[in-house]
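Note that subunit A is present in both complexes that follow, paired respectively with subunit B and with subunit C.
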Partner chain A sequence: MTYTRTHVILFLGPLLLIVVLMYGMMAWTAAVAMDDWVGMAPVWKFAGWNNFHALLTGTLRQRFLTSLRNNLTWLGVFIVPTASLGLLLAYGLDLVGRAERVLRPLFLYPMALSFVVTGTVWAWMYDPDAGVFNDILRSIGLGRWAQPWIADPTLGTFCLIGAAVWQYTGFTMTLYLAAIRDIPREIFEAARVDGATDVNLFRYVVVPNVGHATMIVVAMLILVTLKVFDLVWVMTFGGPGNSTEVLSFFMFVATFRQQFVGIGAAISVVIMVLAIAVVVPYAWWSTRRLPT
Partner chain B sequence: MKLSPRGVWVVLLTAVAVVWLLPLYTMLATSLKTTREIAMGQYVLPPREFAVENYRVALDALRYGLVNSTLVALPATALAVLLGSWAGFFLSRLRFRPAPAIFFLATIATFLPYQIVLIPLTQLLSALHLINTRPGLIVAYLLLTTPMAALITATFFQTVPMELQEAATLDGCGPSTFYWRILVPAARLGIISTAILIFTLVWNEFLIPTAMTQGTLNQLATPVLAGLKGNYAQLWHIQMAGATLTSLPPLVIFVVLGRYFVSGLMAGTLK
Partner chain C sequence: MTRHQIVIRWLAIALATTLGATTALYAAEQQQLVVYHWWTAGGERQAMQVIFDAFTKKNSTTKIVDNPVAGGGGITLKTVLLGLLAAKIPPDTFQSLSGAELKQYVDGNYVAPVDDVWTAQNLNANYPAVIGKMTTFSGKHYGIPMNAHRANWLFYNTKLFKDLKLAPPTTADELIAAAKRIKAEKPGVAPIAIGTREKWPAVFLFDVVLLSTGGPDVYEKFYTGQLDVATSPELRTALEKYKDLVPYLYEFHGAKTWSDIAGPMAEGKMGMMVIGDFAAGLLVQAGFKEGVDWDAVGFPQKPQEVFLMIVDTFVRPVGAKHPEATTAWLTNLTDPQVQGTFNIVKGSIAIHKAVPDSTYPDKLHRTASATFKSKRIVPSSIHGVLAPPAFLSDWQDILTRFLYSPDVKRALTEISDAMTLDKVTESGNWYWAK
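The block that comes next holds the complex of A and B.
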């Protein structure tokens, strides 16, 4: 099908404009990170690496490292349970036949919710005094296991991660179920004839054949851990103290509450560098699969 | 009685599903309980009398937010899908040399955490005098979701048979006619899926309105709900009624159009 320059401008123009604007804004953030900008109005006072220096060695060091460490905790603790639970559920759903139609949506409901809704509900469930978890524990005689949950600086981040696992397991389950359905049925049938059990099949047929889906799942979940903001805001507001803060939360507070815009931009650059390590290879990989 | 292996899986998955639904169930149950019932704990029990009153209180607080979220999410979704699908068409169906490069750059723009453009975006909207307005929020969401709409519609458009395009070309059909008359109707399920994904994303989003709006008049539902936690501290029934109201639109879409919801979700990863 032939097209003219007018067609290029009409069809691609809006997207190109937006993409150029997005990259322009990224460059802008990087430029602001090198400026000593404090306050609402733009201050273009070049400050070199001062903002990064302040984050790494200055008064903000403690807070920055706490946020970074919490992001690493998210990375280490969120992904494996969300992916493996999703895979197990997907395998189960593949085995239950028609019951799948009823069961599958039940795990997907959380995916339709806002993190703000999840946060509101889970903050209540974790409440030390009137929360659902402690209430259930007490009512079944396990009151000594009751915890301060999100009010505890060491438990806090893990509680937030628990809520995120709940929300995202349906997502990984969906991707894995599609991957399992892509495995040729004959492989399963042949293995069954040879006497393979469900566990054997999972170990020797399912796991080796869902690597592709795992790559997508891991990339997407890493990005979730870098973006996480809403849950922290709603459930703990970074507290107690700043024990549950993450980079994007710290960035927001520094920029929009304390108006250290240069510092906020520097934190954004840190997030950008971490995300680029995942996003660029992912974009490369998905572009190569285009038929063009 | 001995259960078949399949039966064992059904029981197992049902048990997990019950645990999985507990937060949603307690949210709904508590949103209908009276203060007296809340005070007794026993959150797992169903409400004894339906305190619809809670919803009136929550709706009072959320009224503007829900209306604003609708007035922002609908136009933002429509525009993003329209502009994005034009580009998606061009990138996936026409021989255009730079298409892979554009696809690559748009993918990066889609998946990078948008926190990193929050500062310039706020500055841009202030310069345009759009900060703290609904049109400003629409512009912000349009910038953030159009690249994604382009990529997702491109993946859906790829599934439309090439023969349709060849036949149309032979009949002298140009790109515009082909897009409107043949491609969009043929790929309408993909377009619906894309729209559902983007609407849900925008409706559920929190960071943008938190950074760009103040006061109640232009506030979206998610920040108002987050605010309920402070204004109605310990009043769990009001908070849960608010949470239920805020989740209604995406949940209704999910229940009614679940299939599209799922295919949008999958396409959103560029699988």
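The block that comes next holds the complex of A and C.
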């Protein structure tokens, strides 16, 4: 089939629009980050690196570092359980045979929920008085282990991460399931003939053969941790105090509630730089390890 | 013609039709009034309908295009408006709080003066002077208010207070003493109900403590940056008393919103709660009776009782497409009849002096209306009415952090830093303008 000019306009047009819009907005944000814009209406007054400087020193420093630390906590605590639980579930589904048809959608449902729903439900579950977690602990006689959960400044972020793990496990499971199905069945059969158990299969067949899925899963989860916002907004509103704030939350509050638009844009730039700094080396490192 | 070409042709036709139809729809638009507001919750939505009905009765040819944006105090609406206004496609009117919050739109040149409506309706005489002050910037009025909420109520559980023969406290010290009594005699009851998951209720509680230790003058000075934070004895005392309250607060306040704990207070699981009059509506809806399950008193009573006020206004955006409709809308809001009916449903009180106190079905709002007419009215700090919204955001964080680790010295430093960063003194000058 030959491509006509109409094809070119029809298909490249929207692509161009998306590219221009996205990169245009990125450039716009970078420009605002260098600008002393405070208030509702745009103020174009070049400020150089002042906004970034303000984040790193002075009054905003503590808040910026708290947000950054929380993002890094997300990065460190969220990805490994979500990816490994997903892989385990996927392997389990592969083993159970026909029941998979029923189970797979069940595990995927959380993914279909909006973060606002997840956040609200999990905030109820974490409720120190009436929440299901403390209820369970109390009913099995472990009441002394009951926690304030999201009402505790040090536990808060981990509680949020718990909700996110629940929501994203179905997603990683699906990706891993596809990867497992890609492994030639003969390998499994040969291994079984040689007497391999399910655990052996997992260890020596599945894990070494899902590297490409891991790469996608981890890269996507990294991006999730850097842009997480909704759960924080719904479950803790950044509190108690600022203890569960993340960069995107800080950015939203600074821009739209406090109208430090320049500062907000500077935080957005930091988020973008972080995303690039984490994802690009990771993608480079993992593609090199994959067999071509 | 190949199949591809046919498909493409049909796609092009469909696109052209959509575009054409949209343009035609815009061209055919009749006289409209595009309204943006945040009254979306249960009673609020019905209250808005009261205004709509009254407006349509007077302006039958104008169609109201209603754009409600949920989010208490308009936090989400503000984000939406920021985009619309910067893109120069303003609605015909939108809701804003008065004072510092309204000033942001004035500073951005997004709203036009409403002095014509103000003068025509003789609002200088019909509204209290402080309302005029809250809407005046550089000598011009920029908003038409229509209702006032009172922020300084102390709700309490009636049965509990009867049981313990407690009188409702009138000062911060009495509040602490009452809390102490409750804790000693009813260990299972949380003396002070508060939910800080949305942070701002922490400010409600602090505000009444500051009014008690410093009085209204200190209060106004503090929130407009006229007080020396480091040396002011009133502020330090207020923080110390606030600290004294911490052991008596509901333990898990960080996990709850104010609406989560209003019910338990009326049930008797908690004792007292400092919150605005809007809590009354929620309690009544939940089946709790005023005077039987709960009661409320203005707080503090000493050194003087004030009406701590939150005011909603509507404005006239610059470049609104239907200016006559805007004027008709703003005029409608000043109608005492409309204000009376609206406020009964909304759970606030009318600000027009012609609306009698007896309008309201419940004691709380009748008292509020009488206090509004007889006592000093002080603009509340809540929702950025007195202090600039930038400071309010930091202030909520400082206070909720304080409730978890009460350190007066650190709090004072944080307040003074935030005041500098958020330019509170500079932005507060409008309040002191003659």
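Everything that follows uses one rule, which is that the second predicted complex is superposed on the first by the 269 of 292 C-alpha atoms of A that agree within 3 Å, B and C clash if a C-alpha of one lies under 4 Å from a C-alpha of the other, contacts with A are read in each partner's own complex, and residues count from 1 in each chain.
Operating definition for what follows: a contact is a pair of C-beta atoms (placed from the backbone, for glycine too) under 8 Å apart; a residue touches a chain by one contact, two chains touch by 3 or more.
This structure is a prediction, so every number in the text was calculated from the model and none was measured.
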After the alignment on subunit A, I want to confirm one thing: do subunit B and subunit C clash, or do they fit together?
clash
Taking the superposition as given, does A:Gly39 touch the first partner, subunit B, the second, subunit C, both, or neither?
second
With both complexes overlaid on chain A, does A:Gly241 touch subunit B (first), subunit C (second), both or neither?
second
A:Arg257 contacts which: subunit B (first), subunit C (second), both, neither?
second
Have a look at where A:Val116 lands relative to subunit B and subunit C in the superposition and call it first, second, both or neither.
first
Quick one: classify A:Pro153 as touching subunit B (first), subunit C (second), both or neither.
second
Comparing subunit B against subunit C, which has contacts with more of the residues in subunit A?
B
Look at A:Ile140 in the shared chain and tell me whether it touches subunit B only, subunit C only, both, or neither; answer first, second, both or neither.
neither
Does the superposition put A:Met125 against subunit B (first), subunit C (second), both, or neither?
first
According to the stated criteria, A:Val193 is in contact with first (subunit B), second (subunit C), both, or neither; which is it?
neither
Tell me which of 25-33, 61-69 or 277-285 in subunit C produces the clash with subunit B after alignment on chain A.
61-69
For subunit A, which residues lie in the overlap of the subunit B contacts and the subunit C contacts?
1, 7, 10, 42, 123, 256
Subunit A residues touching subunit C - in the complex, by the definition given at the top
1, 6-7, 10, 39-42, 58-60, 123, 126-129, 148-153, 236-243, 253, 256-260
Would you mind writing out the residues of subunit A in touch with subunit B in their complex?
1-3, 7-8, 10-12, 14-16, 18-19, 21-26, 28-29, 32, 42, 89, 92-93, 95-97, 99, 103, 105-125, 130, 132, 135-136, 139, 166, 169, 171, 174-175, 178, 198, 213, 216, 220, 223, 226-227, 229-230, 233-234, 248, 251-252, 255-256, 261, 264-265, 268-269, 271-272, 275-276, 279-280, 282-284, 286-287, 290-292
Inside the complex, what are the residues of subunit C that reach subunit A?
4-5, 8, 11, 75, 78-79, 82, 85-86, 104-105, 107-110, 196-199, 251-256, 389-390, 393-394, 397-398, 400-401, 403-404, 417-418, 420-422
Give every residue of subunit B touching subunit A within the complex, in rising order.
5-6, 9-10, 12-14, 16-17, 20-24, 26-27, 30, 38, 41-44, 83-84, 86-87, 89-96, 99-100, 102-109, 111-121, 123-124, 142-143, 146-147, 150, 158, 165, 168-169, 173-176, 178-179, 200, 203-207, 210-211, 222-223, 225-226, 228-229, 234, 236, 239-240, 242-243, 246-247, 250-251, 253-254, 258, 261-262, 265-266, 269-271
